[in-house]
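Next, two complexes with chain A in common: one pairs it with chain B, the other with chain C.
Now for the complex of A and B:
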C-alpha cells in the first residue's frame, strides 16, 4: 500500500515540477561538440602542471615557515577558490560531452539501451567523484587533500593486510590435519 | 449530496465542455484525437452519471464502476498519444522508453507474483482494485516518460505539457485515492467522495489553461552532425567522460 501511495506522490511531484519550471529549450543541448569540450589548456602536460600546482604542497611548504599567519590563511583561501574553479571547469567539460551525446543519441534509431545505460553510469560515477572531491576540498582544502587521501590509502592498505592475515588464519584453522 | 459535492460534480462537465469548445475553435480537436475522444467520453459519462444519480439511484453503483473502467480504457489511448507527441520526433529516446517500460512492467508483474498469494500489491479482487492496478501501470509509464524527457532534455510544447501534467496528476491522485479506498474500505469512502472530484477538477483546470490555444510541439533540428553511427558516438562520449574522470584522479593522487 505504501509503495503505491509513494508512486502516486512521486508522479504528482515530478509533474508539478515540470509544470512550474521554465521550458527546456533545444539550445540547452549543443549539437556541436567542440564548443564545450575543448580544453582551455594547450596540452595535457600543461594541464597536469596546473593540477600539480593547485593541489601540490611545494608552494605551501615554501611559505608556511616564512610568512605570518594572515598570509598563510589568505594563501589557503585562494588555493581553495582556485581548486573549486578548476573543478567547475572539469565539470563543464564533462557536461558538454554528455549534452552533445544526448542531443545526438535521442535521435538515433539505432540507439542501444545497454550502451546508453553504460554511458549514463559512467557520467553518474564522474558526478559522484566530483561531489566527493568537492566535499573533501570544502573540508580540508586542496593543500591538505593529498595528505588526507594518502592517509586514507595507507589505512585501506593496513585494513587489507589485516583482513588477509585474518583470512589466512581462518583458512589454516579450518584445514583438516592430515 | 451536499452543496460542495454537487458543485464539484457540475463544474466537471462545464470545464469539459469548455475544453472541447476551445479544441474545436482553435483546431487541436482533430490533432489530438485520443485526447479529444477521452474528453468527449468523460463528458458523456458525467452527464449520464448525473441523470442516473437523480433518476435511478439504485443502479448508480455498478454503472459508475463500469463507466470508470471504460474511461480507463480511453485513458490508455491518452497515454499513448502523450508518448507519441513527446517522443515521436526522437526515435532514439522512444526506443529507450520502450525498453525501460518493458523492464518496469516485467518487474511490476514479478513483484505482484512474488507478493502473490496474499495479493498485497496488485491483486484484482474487486473493481476498485482492478481500476487501481490499471492506473498504477499508467502511472509507471508516465513516470518513465517524465524521466526520459528530463534526461534527454526533450522540448515539450505547451499543449503536450498540459496534457501530460494534467493527466499525470489525475493518475497520481487516482492511484493514491484508489489505494486508500481499497485498503481502508468504507471508512475512507466519505473522504474519497470529496477528494476524487476535487483532483479531477484540478486536472480540468490545468487542461483548460494549457490547451486554451493550439501550440504544436516545437520542432528542433534533430539531425546529428556526426556520422550516423550510434556506437561510435557512445564510445566517444564514454572515452571523454573517463578521460575527464582520470584528470580528476590526478588532483587527489599523492
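Now for the complex of A and C:
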C-alpha cells in the first residue's frame, strides 16, 4: 500500500516537473508554435531529411556540450514542437486517405471484405503507433526516436497504398465502357 | 537585353547568377544573406539591376526566387554542425565586428528575413531553430577565443615582483 502511494507521489512529482519545464522562458529561442497541416515538400528525400533533422540525435549531440543549459532546454523544446507538428501532419494525411476511402467504399457496389479488414487493421495499427509515438515524445522528447517514426510513417504509407486500391477500383467502375 | 525565349533565358540567367555573383561569395550562408537582400521588404519582390538589364524583369525575378529557395533548402536541411561552420565563417570573416553582429542577429532575430516566402513551414522552423542554436554556439566559441587570448596575453605579463 505504501509503495503504491509512494509511486503515486513520484508520478505526480514527475508530471509537475514536466509541466514546469514546458513553461515558456524569457531566454527561449524564438519559434512560432503554430502548426500547418499542408506540407510543401518537393520530394520524398526532402521529407526524409526533415525527419532526420527532427528525430535524429546528430544535432543534439553536437549542441549539448557547447551551449548553456537554457539554450539546450529551448532547443529540445523546439524539437519537440516540430515533432508534434510532424505527427499532426501524418495523422492528417492518414485521416484524409481514410475519408477518401470511406467515400469511395460507400459508392462501390461489391465490397471486398478482405481489403476492408486490411484497411481497418492498418488504420488501427497506425493510430496505435501514433499514440505510442506521442507518448514517447511527451515523456522523453524527439531525439533518437527515428525507429518509431519510421514505423509510423511506413504504416501511414501502407494505409495510403491500400486506400488507393479502392480508389482505383472506383475510378475504373465509374468509367463508361466503350 | 537578351532575345532568348523565356525558358532558355531563365536557364542562362540562373547559371549566370550562380557563377558570376554567388560563386564569388564565401559559403552558402553568405549567399543566402545576399539573395535575401535582393528582396524588397515592402513589396516582397526580388530586384537585381544587372539581371533585369540583361534578361528582363520577369526572368530576373524568377531566377532570384529559384536561387534563394535552392540555397535556403541546402542550408536548412544541413546538420547543425555544418550550419554552425557556415555561420562562423560568415560572422568571423565577413564582419569587422563579430561580437556586434552576433548580438544584433540574436537580439533582433534578423535571420527571420533570410527565409523565402513560399517554403514548407516545418523546414522554416528547423532552419530558424538551428540557426539560433548555431548563433549561440558561435557566440560561445567567440567568448572562448577571447578568454584564451586574454589568458595568453596575461601569461606574458611579468608577475608582480619580477
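General remarks:
One rule holds for everything that comes next: the second predicted complex is superposed on the first by the 104 of 178 C-alpha atoms of A that agree within 3 Å, B and C clash if a C-alpha of one lies under 4 Å from a C-alpha of the other, contacts with A are read in each partner's own complex, and residues count from 1 in each chain.
We adopt the following convention: contacts are C-beta pairs under 8 Å (C-beta built on N, C-alpha and C of every residue); 3 or more make two chains touch, one makes a residue touch a chain.
Values in this document were obtained by computation on a predicted structure and should not be read as measured data.
In the superposition on chain A, contact of A:113 is made with chain B only, not with chain C. Contacts of A:85 after superposition: chain C is touched, whereas chain B is not reached.
Contacts of A:98 after superposition: chain B is touched, whereas chain C is not reached.
Once the two complexes are laid over each other on the shared chain, residue contacts for A:133 go to chain B alone; chain C is not touched. By the touch criterion stated above, A:5 is placed in contact with chain B alone, chain C being left untouched. Judged by the touch definition given at the top, the superposed model places A:69 against neither chain B nor chain C. Legend: residue contacts after superposition of the two complexes on their common chain; A:53 is shown touching chain C, with no touch to chain B. For chain A, the partner with contacts to more residues, out of chain B and chain C, is B. Comparing which residues of chain A touch chain B with which touch chain C, the overlap comprises 29, 31-32, 54, 86. Chain C meets chain A in the complex at residues 73, 77, 79-81, 84, 109, 118-123, 125-126, 128-130, 132-133, 136-137, 140-141. Residues of chain B that touch chain A in their complex: 90-93, 95-96, 99-100, 120-121, 132, 136, 139-140, 142-143, 146-147, 150-156, 161, 164-165, 168-169, 171-176, 179-180, 183, 206, 218, 220-226, 228-231, 233-234, 236-238, 240-242, 244-245, 247-254.
Across the complex, chain B is touched by residues 1, 3-5, 7-12, 14-16, 18-19, 23-26, 28-29, 31-33, 37, 47-48, 51-52, 54-55, 83, 86, 90, 93-94, 97-113, 115-116, 118-120, 122-123, 125-126, 129-130, 133, 136, 142, 145-147, 149-150, 153 of chain A. Every residue of chain A that touches chain C in the complex is listed here, in rising order: 29-32, 34-36, 39-41, 46, 49-50, 53-54, 58-59, 62-63, 66-68, 71, 75, 78-79, 81-82, 85-86, 89.
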